[in-house]
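Presented sequentially are two complexes of chain A, the first with chain B as partner and the second with chain C.
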Partner chain A sequence: MGRNVKVNVEYLTRVEGHGNIVVNVKEGKLEECRLDIVEAPRFFEGMLRGRSIFEAQHITSRICGICSCGHTLASIQAAESAIGFTPSEQTRKLRKFLLHLETLDSHILHIYLLVAPDLLGVKSFVPLINTHNEVVRRALRMKKTCNDMCDILVGRHVHPISCIVGGFTKLPRPKDLDDMLALLRKFEEDMKPTVDLAATLKFPEFQRETEYVGLVNDTEEYPFLEGDVGSTDGMRVKKEEYRKVTNEFVVPHSSAKHAKWNRSSYMVGALARVNLNYKKLLPRAKALADALGIKPVTTNSYLNTAAQLVECVHCVEDGIRILEEFKTDGVNHGELVTVGLNERGTIPVKAGRGVGAVEVPRGILFHDYEVDATGKIVNANCIIPTSQNCNNIEHDMRKLVPEILDRSDEEITHRLEMLVRAYDPCISCSAHFLNVKFVNR
Partner chain B sequence: MGKVRVAFFDFACCEGCQLQVANMGESLLDVLGAIDVVEFREVMSEKSNDYDVAVIEGSITTPHAVERIKEIRKTAKILIAYGSCATIGGVNGMKNNFDLSDIRNYVYQDKARFFETIPTRAVHQVVPVDYFVHGCPVYLPEFVKVLKCALAGIPYRVPDSAVCTECKLNENECMYDKGITCLGPVTRAGCNSWCVNNGNICYGCRGMVTNPAENGAKDILEKYQIPLEWVENKMNMYNKAREQDTERNPDGKKC
Partner chain C sequence: MSNSLTAEILEVLKLRPDQDLIITAGNSFRKDDGVGPYLSQKLSKLPQIRILHGGDTPENIMEEAIAMKPSRVLVFDAADFGGRAGETRIIPEHSIPQTAYSTHSIPLNVITGIIAGEAHAEVIFIGIQPRSVEFGEGLSAEVKWTADAIAEAVLRQFSG
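Then we have the complex of A and B:
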């Protein structure tokens, strides 16, 4: 009987876009602590079946408006690998630059509009318009700068237009490079007060050892776009074997699939990346990491936001380098592609399976497609970072709650919300107040 | 009288159209000076049940969503369908190409029962809509135009000519001349041929014009020897949910 009631409660709370934290403490002992994040199901993997592999990018970028460039890049990587197409050096470099823009855009939105209000003690950025007008203006300006660069590079940031399987349908002209460089330099100016502001924010104390998972490689480059899947426990597998990493499993209390590799849970995202690839950060980013107290292996999940700031510094520096190289070497416009649905067969297609593994702002994202000889999608699978992190968030909460049980309900609630927000889960869930239910308190 | 109270609500979607608003940059502060945003879940914790204008993002895909949109309609004096998912069903409509239990089982296997779903519907297929802002994502200049009309209480007429009309003015080379199929000839203008300007094809995200030049389109397909089903298949990426239109609530009109 009890079991039935539980399922009902779970079902009723499963309202679109709401994150639910359930805490059950009985006589001072934590009995249950869980997190559900649920959006209206949209069935993307199912809808892809039967469609052309040349449409996969367009469709899957619509999974998330905030990560649409990340989904684009993971989708293209999986698609190209499935049909056996190798992108040019120039294309790979432009894609890396596009991913930097997305990382900057998303991290800035998270740091300023989501985390800063918490740390400044207000409900959203709106009250800050009066109390911290310059800060709000800077945040919106930085966000728009990323957007303006994306407009130039791929037509727009939300659902990029010109980045497709095979390459780019539009390539930057010399003036475009100048404009993007000027914008990125303007952004760099705004990074200074951003870093100063971050130094004044106080992140809560918390420690829990866990496994950190992300891309690793054998080059000097801090990997965002390409690499194997590695962990701070020293494991490493090819991206095609991602299922060995994610090991999705069903837990009785939640409909969200959970992930674990070598421990009971793992974490993905900026902190995981810095923990894995700290040595490959560019000098200024590394210096900031040191100043913020982030060294491998940092086990305070709240510092994920600080790690995002470190990555911003890294991406700006690397982005400027990429643009300057293009200015020196020039862009080869002979590589421009017109593909459509490949009606003209410009890109040879064969049957096969391909996996894309890309570090998007919230962590490693997997796309996996199987196509037939005509380029029709037979099977598709996408594993997003937030679902990989869910299990780790719950483990964090189980350690955190007993440590702060002497505090008021409001304080516990706020600390838990901040913890969940630090992971930067799909923004819609993190922006508004989570429902925290105390059972038997 | 105070400022007009505007609330943003999202249903099944990627929330990229809400993000377009956040992407306005500092001019967002000017907009916030003209209206009072009382709910905007993507970037605000505040909630409200008291608003004049409801901006709806996303498609209606669950029984709960049907009830929720009806409640919002009761409160809102003006309801704006915002973005393709809301105005025409958008990419969510592709689900309607499949048997619903099949697609549920494919994605969620043994847990499919947790994920209740109904055929994707656009907002006007459930409740009356006062303004439409098409596009995936919305084209910001058009949204600002619609918002101004809504605040002034005058109607906004969605352009009902083909994307080609704008594309020609932008002097783009026709995709058909490059041997590629494009939905520009049958898709509503208003986006300034955004995708074709950037070297890609039109995917039909703004929905079909009400009176497409069918014979002209047939001529084009014949001239370039393109099978009709290729184009139909493409139409079904954004426009599948148009099948849910009934005479009582034809696309683009108040029902």
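Then we have the complex of A and C:
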């Protein structure tokens, strides 16, 4: 007969938003294991109804301060697909670079400020200011570097202004390219000690097979911005068929819907992307993945953080490549989109439906708009990565808890918190989430 | 208006331009939280004053602040200490919570703590009680009056 233990932790820290972990183990038997999402829904889809597709990206970027570029790009992609507009190669390349900047910013903050304290045995990054001062300063410096590049490219470090349906209202001049390249090279220098630090961190052991879902394509490119939706179970559908993937359902304890595809749950995010597209990682990123023990299919969710580091190396390398290409080939300023011209018919509008599927830091993000003949949104659906991950987190917890029941209450709680943090959840955005409640074990 | 600046605040506002650094924080799209940006705009007119506006990402001005090597840092921000709208107080550093952070926000005092440690600077938090920090632009009359009084007290030292 197992012992009974009661653990109740109010609010999981170092995640965005509020949620509770509830675990009930009675006489050694797991009776309840939940991730309660307690944030109120935010009704962004409702706000989009009746608004022009040309302003949708400015509205939806407010869903998230960290993924504002990702929401902008998913929104634009959905809008352009709905009206049948095909962006130029230059626009697609600039959008890819913008997405890289956001991925770098978000991953670095998660690795350094939210996960590293667990692995270094402190409660938050605040004590690290005294013990690992240079590490904290480096993390904040890297974040600022991303913000500064974003500022140059799209006019602001958050909630981009110049990235709109049709292209960009401001295109980088030679000095902008030089400045961004210098900043990205500075970031690359800071990546070296970041990788060295990561090599010293020990992630918890845990294995659970699940389905990993993300963008896939038939090119050599590691897909962030475009592709079909694929899974490690060999499934692949067009992005327009994303509902076949998400199969959302409501659970009573969560204001975020749950999702499942071919199994009882699936995972999205950096680990899913690396599992799906490992071969397409750039050489230095692939070498780091190998060094960190990440090969497809890696089934330790804690390694999502390590996969984020791999993606950082990839994004820096690819970002430098993009900037250097622009420096060599030049930027065609004839493609500049003038603010307001869209609304006056420069870009033909027609009724239709369009889906945006973009890999944002926490996983695949879907925006789905139905547009009338005037370009007004009549229906919208946004599916956020964290809400897709909630179900998988619960399944991970159900596998993990019985495996660590010999540990102290404090250790169990900590491991559960670390597990949820590994997913880098954005609860407010999912709201649609953490305190841990154990009742008896 | 009844929120005249206290003798304590007026004493703190006596600047030593070569030693002091002013940091403002806040978001002008959240009504009285815009008091920091408002002060920044007013005081930036004085070339003698070293001032950095941290907005809602104070971590982004951290390295610049350290490089300035100030011996004293005055931080202006809206702070709800339960006072009258527009009232100013020196906020003890230990009373500012350090726990509420995520990838989305890093507490101001964590950043000023790093600046203080690296520059060996004294940090003084001057909180201005907001009437509202709801979404919206423009300061309440009380907070604007106080911000103008602070700016005036500083500008007066360098006029003529």
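Brief remarks on what is shown
Rule of thumb we're sticking to: the second predicted complex is superposed on the first by the 405 of 441 C-alpha atoms of A that agree within 3 Å, B and C clash if a C-alpha of one lies under 4 Å from a C-alpha of the other, contacts with A are read in each partner's own complex, and residues count from 1 in each chain.
By our rule, a residue touches a chain if its C-beta (ideal position, glycine included) is under 8 Å from a C-beta of that chain, and two chains touch if they have at least 3 such contacts.
Bear in mind that the values here come from a model prediction, so they are computed numbers and not experimental data.
By the touch criterion defined above, A:376 lies against neither chain B nor chain C after alignment on the C-alpha atoms of chain A.
When the shared chain is aligned, chain B and chain C each come close enough to touch A:124.
In the overlay built on the shared chain, the residue A:66 is in contact with chain B and with chain C. When the shared chain is aligned, chain B comes close enough to touch A:162, but chain C does not. Within the superposed three-chain arrangement, the count of touched residues of chain A is higher for B, of the candidates chain B and chain C. Of the two partner chains placed by the overlay, neither chain B nor chain C lies in contact with A:284. Within the superposed three-chain model, A:141 lies in touch with chain B and with chain C [touch as defined at top]. Once chain A of one complex is fitted onto chain A of the other, the partner contacts of A:43 are limited to chain B, with no touch recorded for chain C. Of the two partner chains placed by the overlay, neither chain B nor chain C lies in contact with A:93. By the touch criterion stated above, A:109 is placed in contact with chain B and with chain C alike.
Chain A uses residues 14-17, 65-66, 109, 113-114, 124-126, 129, 136-137, 140-141, 143-144, 147, 157 to touch chain B in one structure and chain C in the other.
Note for the complex: chain C touches chain A at residues 57, 59-60, 62-63, 98-99, 101-104, 106, 110-111, 113-114, 117-118.
Listing the residues of chain A that touch chain C in their complex gives 13-17, 65-66, 106, 109-110, 113-114, 124-126, 129-130, 133, 136-137, 140-141, 143-144, 147, 157, 424.
The residues of chain A lying in touch with chain B in their complex are 11, 14-17, 39-47, 49-51, 55, 58-59, 62-66, 68, 109, 113-114, 117, 123-126, 129, 136-137, 140-141, 143-144, 147, 154-159, 161-162, 164, 168-170, 250, 255, 336, 338-341, 343-344, 427-428, 431-433. Residues 10-20, 22-26, 28-29, 32, 37, 41-47, 58, 61-62, 64-65, 90-92, 94-95, 97-98, 102-104, 106-108, 110-111, 114-115, 117, 136-137, 175, 178-182, 194-195, 197-201, 203, 226, 230, 233-234, 237 of chain B are the ones touching chain A in the complex.
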